[in-house]
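In structure tokens below, several structures.
Each of the next two complexes has chain A plus one other chain: chain B in the first, chain C in the second.
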Partner chain A sequence: MSDDILKQFDPVFYPKSIAVVGASADAMKAGSYWVQTLVSAGYRGPIYPVGSRGGSIAGLEIYRNIRDIPGEVDYVIVAIPSRSVLDLLDDCAAKSVRAVQFFTAGFSELDTESGRSLEERMVEKARWGGFRIIGPNCIGVYCPEHRVSFLMGAIGEPGCVGFVSQSGGIAGKLATNGMARGIGYSKGVSCGNGIDLDASDFLEYLAADPQTRVIGAYLEGTRDGRRLFNTMREVSSVKPLVVWKGGRTEVGARAARSHTGSLASSPSVWSAVLKQAGAVEVHGLDELTDTLLLFQHAEHWQGARVGVIGGLADGGGGISVSAGDACTEIGLEVPPLSDQTDRALRELLGEVGSILGNPVDVSQAQFRGFPALFQAIETVAGDASIDFVLIQQDVDILLPMYSRAGLETINDFFIELRGRLGKPLVMVLPPGPVEQERLRLEQKLLAASIPVLSSVERAARAIFNVNTYFRRREIEAGQRDAA
Partner chain B sequence: MMKTQKVLTEVESKELLAKDGIPVVEARLARNKKEAIAIAREIGFPVVLKIVSPDVVHKTDSGGVRLGLANATRVGRAYSEILSSVRQAYPGARIQGVSVQQMVPPGVEVIVGMSKDVQFGPVLMFGLGGILVEVLKDVSFRIAPVSKRDAGEMIREIKGYPVLDGYRGQEPASVTALEDLIVRVSEFVEKNPQIEELDLNPVFAYPDRAVAVDARIIL
Partner chain C sequence: MSDDILKQFDPVFYPKSIAVVGASADAMKAGSYWVQTLVSAGYRGPIYPVGSRGGSIAGLEIYRNIRDIPGEVDYVIVAIPSRSVLDLLDDCAAKSVRAVQFFTAGFSELDTESGRSLEERMVEKARWGGFRIIGPNCIGVYCPEHRVSFLMGAIGEPGCVGFVSQSGGIAGKLATNGMARGIGYSKGVSCGNGIDLDASDFLEYLAADPQTRVIGAYLEGTRDGRRLFNTMREVSSVKPLVVWKGGRTEVGARAARSHTGSLASSPSVWSAVLKQAGAVEVHGLDELTDTLLLFQHAEHWQGARVGVIGGLADGGGGISVSAGDACTEIGLEVPPLSDQTDRALRELLGEVGSILGNPVDVSQAQFRGFPALFQAIETVAGDASIDFVLIQQDVDILLPMYSRAGLETINDFFIELRGRLGKPLVMVLPPGPVEQERLRLEQKLLAASIPVLSSVERAARAIFNVNTYFRRREIEAGQRDAA
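Presenting the complex of A and B:
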């Protein structure tokens, strides 16, 4: 069954050749953009531009009709007006293509009878022609491993996170945010109106895909709520599924209808459906990427007890207090540390000017040197009463105090500690006036599998989301064993 | 085209529910004063009388409900009073009679409902009765079929859950009984797709059981 689905989606995510319909010698045309995008992504298979006026683009001959292409065509990207799509689909059938993606918009999202009936006829033609349709009204697939992209320019490193988005804009944001934040994608897809292959189909595929370990989704609605629910339930029983539902308010829902033609259910029903399916619900792009980033670095999570360390140099008091609040309010535990840890910290840091409970303010280490700082952090991190370590590092305070070389030493220590700690380490690097240095450290830590988030509140929320998923999985496994 | 709705009376609704093993306080229809007294004697005093009319939505507000009637005289008087005050509040309402049912001891009031969602079909709802549901919208939802675990989560998810869990020294209400009731309602609405809406309001939750005191089904 899972082999079948992998084979079925092979021409979608691993096409051997791609035709772009709507290309012209004019680089400003949408079709031309798609040709340039594939070239810039470094796609290795043949790219066949198709356009009624012929000519060439990016050194590639433009064919006047898809039937004129000499080789086989797996995948077709369509960027021509909706009035010409039915004829094109006849040509696609004659050419025995495997999948057709419509960048073209102007269908059911217009909420017109003609838009809906055109979609119905497209699906009929696809069934008859033996190919699948992606979209319409979408930007299609993203598969860094196969160098297929919907983004001009950088393509990003392949990884283990897959995503489905009913919006092309948000699909693009997920991909670019991922590149900036060290999230590696196995596959992504923008499925638009989803007249043939819809979000459920792609979720099923990602659940079966061996490259994908974590799945994110941006959904606005569904034509078959029951199927989506059942699919999400199956998917989240094998892989973490993080869902952002757009169109939660009346204003948002109205926009969603004209965006992807989705009908609106109440937000409370959606939340209930997601919970019931075992998916993790998030409420925006930031929370979605934060949570995917943490899942990427967490094969499994041991528990909800967090050790919070703030004030690596100075200004740790208030930060530690508020970090404790942020974690607790969201539903994480910040337990007291063991007596042994407490004694060790007193010896290392002294009693004055420190908070030696949990959260821990280690700022007094600034007067005692790196060995004391590192030993204090290691003592807290190693305490058996905590499951993971959350460290806030204020680059704007540390840089003038220790210089760049000192910052390197501190972060090399974190990377080395992460390697032998045996529990997850999450780093908070708040944005500030020394942004360039902060971004450099973020990349350094991400490369060493330390997830970096921009505030304790966001980190706490993402940690909580990951925990919620794994706890539920554990409970379910326990129930299965008991049954 | 407008879909024509049919509202089942409390007596009809409870009959359907009871047939499927959903615990309800049995309500029997009395078409006149004499029948009301006879049924009350059979059930045992004290009893409750409620107006039975497809046109009366707010039974309590229109004076259509009388509680704790301890003997035949009171039942007879209540019958006349209910009819006259409902006729005043809803002139021209089709009145079938009154329902007679046992006066059950007070329990924690909860509601269990079902409505249909455009995308997901039947959605079950759970909440505490009265002001908490009306003003604070403290309710939880799950789509059918609702498993026992889903039902447990629905019950514990509402903010007012401590009220069920033995607030101020009260004995806790049986979560198991409520779970069971929700699961049965879920099975019931799945089996009867013609039901568009269902309200068990209130359900009384006790330490050992839960029972629907009022019920309304819309086809």
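Presenting the complex of A and C:
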């Protein structure tokens, strides 16, 4: 079964050749954009531009019809007006293509009878022609490993996170956010109106895909709620599934209807369904990205008792207070540290100007040198009552204070600590005027499996989301054992 | 009265000379740090380092006692241990200084009898000596206009936003966030334990200060709740006051006690007090910064009916849907556009692939050229049912699509539109892999009075906060008229 589904999606995520219909010598045409995108992604199989006027684009000959292409065609990207798509699908069948993705829009999302009936006939043609349809009204597939992309320019590193998005814009932002924030994708897909392969199909695939360990989804609606629910429940039982539901409000739903033709349910129904299915619900792109990033690095999850360390040259009092608020308000535990830890900190930091509970403000250690600072941090991180460690450092202040060499020393320590610690370490690096340095540091920490977030509030939210998933899994496992 | 208070605070924010006690030839000592900070800020008056061992720092002679300084001393920064401060205050009185700021910690925040009694004696000495105390346990004053700063390195541009913070770390982040995000400060202060001049005093000053138009505050607690409430009510009646209360939770409050010695009240009490006082409550540094930025640019506020424009090369469907959700969930109105606007958009964008309601997805215009795109945006922005305009653009996608020249053309149009429009325009630029370009664009838009936020959720929240203030003012004005 699992092998079946992997084989079935092979031409979608690992096509051996790609045709782009709607290409022309004019580089500004949508079809030409797709050709350039595949070239810039470094796709290694043959790319066949197709356009009625012929000519060439990006050094590639443009075929006048898909039937004229000499080699086999696995995957077709379509960027021609909707009125011409039925004829094209006949050509696709004749050419024995295996998957067709429609960038083309103008179907059921227009809320017209003709839009809907056109979709029905497309699906019929696919059944008879023996190929699958992705979309329409979508940007298709992102598979860094195979160098297939919907983004012009760079492509991210492969990784263990998969995503499904009913919006092309959100799919694009997930991909670019991944590059910026160190999320590696196994594969992602924008499935648009989903008339043949829909979100449920792709979720099933990602659940089976051995390269995918975590799954994110942006969903606006579904035509088969029961199936989506069952699929999400299946998926969640084997991998973390994080879902952002768009079109929760009437205004959002109004836009969603014209966007993907989705019928909306009320937000409370969706929230209940997601919870029952064991999926983690998030409420925006930032939260989705943060949560996927944390899941990617949460291989040894033990619980949600947070040790908060502030005061890395930021005069950490207020930071510690607000981190305590942010964690507690969202429902994370920030427990007192052991008496032994407390005594050790009192010795290392002194009482004056310090906050010795949890959160811990280590700012006084900066006047006592790095060894005291590092020992204080390690004492807190190692405390047995702490499941993971949340640290904030302020590059804007650290940099002029210690210069870049000092900043490196501090972060080399964190990287080394992360290796020894055996519990997750989350770093908060708030943005500021020295963004260059902050971004450089972010990349360094990410490379060492330390996820970086931009505020304690966002970190607390993402930690909470990850913990919610693992706790539910634990409870379910307990119920199974008891039964 | 107002003139009185301005005069009284003159030596605090506009000192003619500054002494730093606790300086030494060792650049890593806290006092030396303060000397270097003032030098790097470009403070123009005389800086007098003071330290028992003499020598020099940053090319300046170190006096052994504050009494030895040849010239007059307006302002003193103290970075010596708490046990020596009473003697120092006698010297300050002898020297007729006018304000003393204590970086020194180790007072009531230790929760000891000796800490509290030391503070009482310091205040007594200040009364007899004729000077005021800032702190202790604080980093003091930030006044870009007068080039006084608590930040090593760069200093921001002067502006119309004032702040008061009971945390030095948060004060520092407000200042650096201002530099990064285009918030200009009139003056700011970190007031620590506030044993003499406290948050209420500084709020009163900022309300009177003609250079301050908007006020932000980070507060952990107060010793005189009644006075703080009355002050906040006074302040809010003349200028927007945005308050972030730290130590809302038990964990946060525990940290706050060791931080500024603050006694906490329950979060619901604080929320009710802030609302009654007419202040806008926020829940973190990001929200505080976003809200201050919006207030800075909200000179012509008419209401909160938002026109949302998505699809600037981001395949704007999902973005439009989620912007609709974000605005509506927080309580902003995203009204339908007029029939006339609707007809115009239908002509400019076509129906296929577009979302023509509000939110509007203008992505199809990108295939019709800039004139159509700009006309579509202006049609929405100009609609009479819209009070302000929220636009999202995605630099990661725009840049490879249009190159930098195209990106400039689009944003020159926004800047020009902002000038003509007579309503606020808020820009969302989500972060991504081409941060350099995004930050450059952010600076360009900020210079043209277009506030930039990083997500629609954050933008919606900040718009809501600004609108809450102005609506309350309107209601109050109506009540006054009726009475």
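Definition applied: the second predicted complex is superposed on the first by the 481 of 483 C-alpha atoms of A that agree within 3 Å, B and C clash if a C-alpha of one lies under 4 Å from a C-alpha of the other, contacts with A are read in each partner's own complex, and residues count from 1 in each chain.
We adopt the following convention: a contact is a pair of C-beta atoms (placed from the backbone, for glycine too) under 8 Å apart; a residue touches a chain by one contact, two chains touch by 3 or more.
Fair warning: this is a prediction, and the values are worked out from it, not measured in the lab.
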Which superposed partner A:167 touches (first chain B, second chain C, both, neither): second
Which of chain B and chain C A:474 touches, first, second, both or neither: neither
Contacts of A:180 with chain B and chain C, given as first, second, both or neither: second
A:284 touches, of chain B and chain C: first, second, both or neither? second
Chain touching more of chain A, residue-wise (chain B, chain C): C
Partner chain in contact with A:82 - chain B first, chain C second, else both or neither: second
Partner chain in contact with A:412 - chain B first, chain C second, else both or neither: neither
Which of chain B and chain C A:26 touches, first, second, both or neither: neither
Contacts of A:273 with chain B and chain C, given as first, second, both or neither: first
Interfacial residue positions of chain A with respect to chain B in the complex: 221-222, 225-226, 229, 263-266, 268-269, 271-273, 275-276, 479
Chain C to chain A touching residues, read off their complex: 28, 30, 33, 40, 81-82, 105-106, 110, 137, 139, 151-154, 165-173, 176-177, 179-180, 218, 220, 244, 246-252, 254-256, 258-260, 283-286, 310-311, 314-322, 324-329, 334, 351-359, 361, 367, 394, 396-397, 400-401, 430-433, 435, 439, 454-457
Complex interface listing, chain B residues touching chain A: 117-121, 123, 139-143, 149-150, 153
